[in-house]
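Same chain, two partners: chain A is paired with chain B first, then with chain C.
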Partner chain A sequence: MNVQRMLVSATIAAAGAAVVLMAVPALAHHSSAPFYDATKRVEAQGPVTKFLFKNPHSFLYFEEATAQGKVEWQVELGAAAGLTRTGWTPETLKPGTLIKVNGQPSRAEGSHGMCCARITRADGSPIVAGGRVTEEEQPPK
Partner chain B sequence: MRRTVGAVTAFALACGLAALHAQAPAAPPARPPQAARQPPPDLSPKIPDLTGVWDGGARARPVNSETIPWGKANFPELTERGLAHQKVFDEAIAPKYDCVPATSPAIQYDPYSMEVTQWPDRVLFRYEKDDQLRTVWLDGRKPTVYDWGIQGFSVGHYDGDALIVDTDHFVFDVTGFDDYNGIPSSQMKKVHERYWREGTELKMTITVEDEMFLKKPTGYTTRWLPQRPGYKLSAWDCDPETSRAPVKMMTPKYKN
Partner chain C sequence: MLAWLEGTALATWTRESPSIWAYPLVLTLHTVGLGIVVGASAVIDLRLLGVARRISMPSLAPLFRITLWAFVLNTLTGVLLFIADATHKAGQTVFYIKLGLIALALWNTVLARRVVLGPTQNDAAPSSRHSRLAVVSLLLWFGAITAGRLMAYL
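Up next, the complex of A and B:
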């Protein structure tokens, strides 16, 4: 592959990544409503502490530094079986990776949970080039 | 005297040989030329080819939710018992948070892949979701007293270009109707499925009845698309820790 072709490929890839919705696949196992408040959004950032790439749900944990001290967030993602389809692997988010997360907050008093989240690296770049199929993109029944 | 015995023995031997000769098969006819031979006619009944790994994910159909696949048109009318159960149901007690698998009519609509294998006496449905295997018996067998289970007992037959599956012998399931609406299913649940091919798609209409909780049968129709060549179902291997992890994020329905 020559340099010009590499540049074209990189440009196309970057353009594609820019328009892809960087949310992770839907839960598809249970309703999010009892657990998370769909009318609100919260945002936090910090280093990944743990990434559990599992079925029926994967979970991402990261630590946010606040004025009151450190807070560990639990972010619910889709099943590993679904995440795999969009390019995620157990190694996608290693401990220490700085991330920024925007999602629906959990309902339980005093809890720090999120779902239905958009996750990027701290500089706003995508975690992986892929994302979930949004409702508008879904085929008819 | 010795001559008489010898003559009788010779006569008997001659008769025996003649009889044996009469029973001997005729010499095989000359084999016809190779080009003139025809394959034997296929008298076996034609059955639809449903075999393969099928994708039930988001490219095939909308992902399941509170209103999919049970929307305004087909949402079940619940009996008083069903309504009462739905009213007191607390999401936290759903067995799925302890890795209990989904059952019909929900598992067919989960957004994962499914593998169908057709054998002469059975059809096997293997679901990626929850590592479930359903066996549909085609040999006319009946369930025994031991055949109650979360996936029930399935019998089937081919009807023209379709596979018909009837399942009963389900055990009670707190969320045996779907994953989103807190509707249970009882031992009275009966599920009827019809599978057929439309081009490259696999289609299914499912009907569920359960006199305990549903006033009348209801159902939906859906489809699967062929998975990419070489796709192998992944092991679900439900993890108990992450299965229950969401529950601590909800406000309890019943507080101490």
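Up next, the complex of A and C:
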């Protein structure tokens, strides 16, 4: 195979790959699929217990009161560097703040984890005034 | 010790800085360094396998120094990425597998350097020793990259 034909083939392959990537909107970062089930949604609410604002991924913890007692949820968020660009700071969610979270559930049996969540205050208003409520369109981790 | 490392100012900066010039830059440099280390090694390996035979083996010598400097960059950025999350990463088996594969790959590179800089006949078919060094190198780097990537998932 001559060099020119190889280059043409490589270009076609790259273009094909680009089309596939664009057709899968979920692939912005890297897949959360090994950990979270994108076909399901769960919702819970309660007071924030802990907010770890860090790289490469932040974690938000809150406590839901259920009939069986209290359950602590772990919500995986984007990097501190990314959250900052959406107007969030480490002080945005202080312990005790009431929030409502709707996200993809963790695949781990018996765990209470979520990713790719829509997070609002208990009344449905955005966490940051005027800010968006969907923290990440897709995949952490 | 690990907790102390994680609490140092440098580790805290890497982990908690909201700046795009902090963690994202460190991670990017780590990836660029990886590209250069493994890329330059792959060039040497391919030549050992008989690809591009018009390039004389000794003329590849500068690639070893480039590999070394890129490796230094990755050691520095790797230390930052490690200390930012020391207690977790130190408990990951796949992290030690990654370090072990890198150590073996570097040792293999030292052996390959002797061959490349030694007396060679350019147009000769690759010897089985050359091929072995090259294949082992490619497999070790492939394994090290895989182990490193898996650290985010296991």
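Assume the second predicted complex is superposed on the first by the 98 of 141 C-alpha atoms of A that agree within 3 Å, B and C clash if a C-alpha of one lies under 4 Å from a C-alpha of the other, contacts with A are read in each partner's own complex, and residues count from 1 in each chain.
Just so it is clear, a residue touches a chain if its C-beta (ideal position, glycine included) is under 8 Å from a C-beta of that chain, and two chains touch if they have at least 3 such contacts.
Computed from a prediction, not measured in an experiment: that's the story for all the values here.
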Chain B versus chain C as contact partner of A:109, first or second or both or neither: first
Superposition-derived comparison: chain B or chain C, residues of chain A touched: B
Contacts of A:84 with chain B and chain C, given as first, second, both or neither: both
Contacts of A:56 with chain B and chain C, given as first, second, both or neither: both
Which superposed partner A:39 touches (first chain B, second chain C, both, neither): neither
Touched partner set for A:76, first chain B, second chain C, both or neither: first
Intersection of the chain A residues that touch chain B with those that touch chain C: 30, 34, 54-56, 79-81, 84-85, 141
List of chain B residues in touch with chain A within their complex: 57-66, 68-69, 91, 94, 96-97, 99, 110-112, 128-129, 179-180, 220, 222, 234, 236-239, 241-243, 245-251
Sites on chain A touched by chain B in the complex: 26, 28-31, 33-36, 52, 54-59, 74, 76, 79-82, 84-85, 106-109, 111, 113, 115, 132-133, 135, 137-141
Residues of chain A defined as touching chain C within the complex: 30, 34, 53-56, 79-81, 83-85, 89-90, 141
Interfacial residue positions of chain C with respect to chain A in the complex: 14-20, 22-24, 27, 84, 152-153
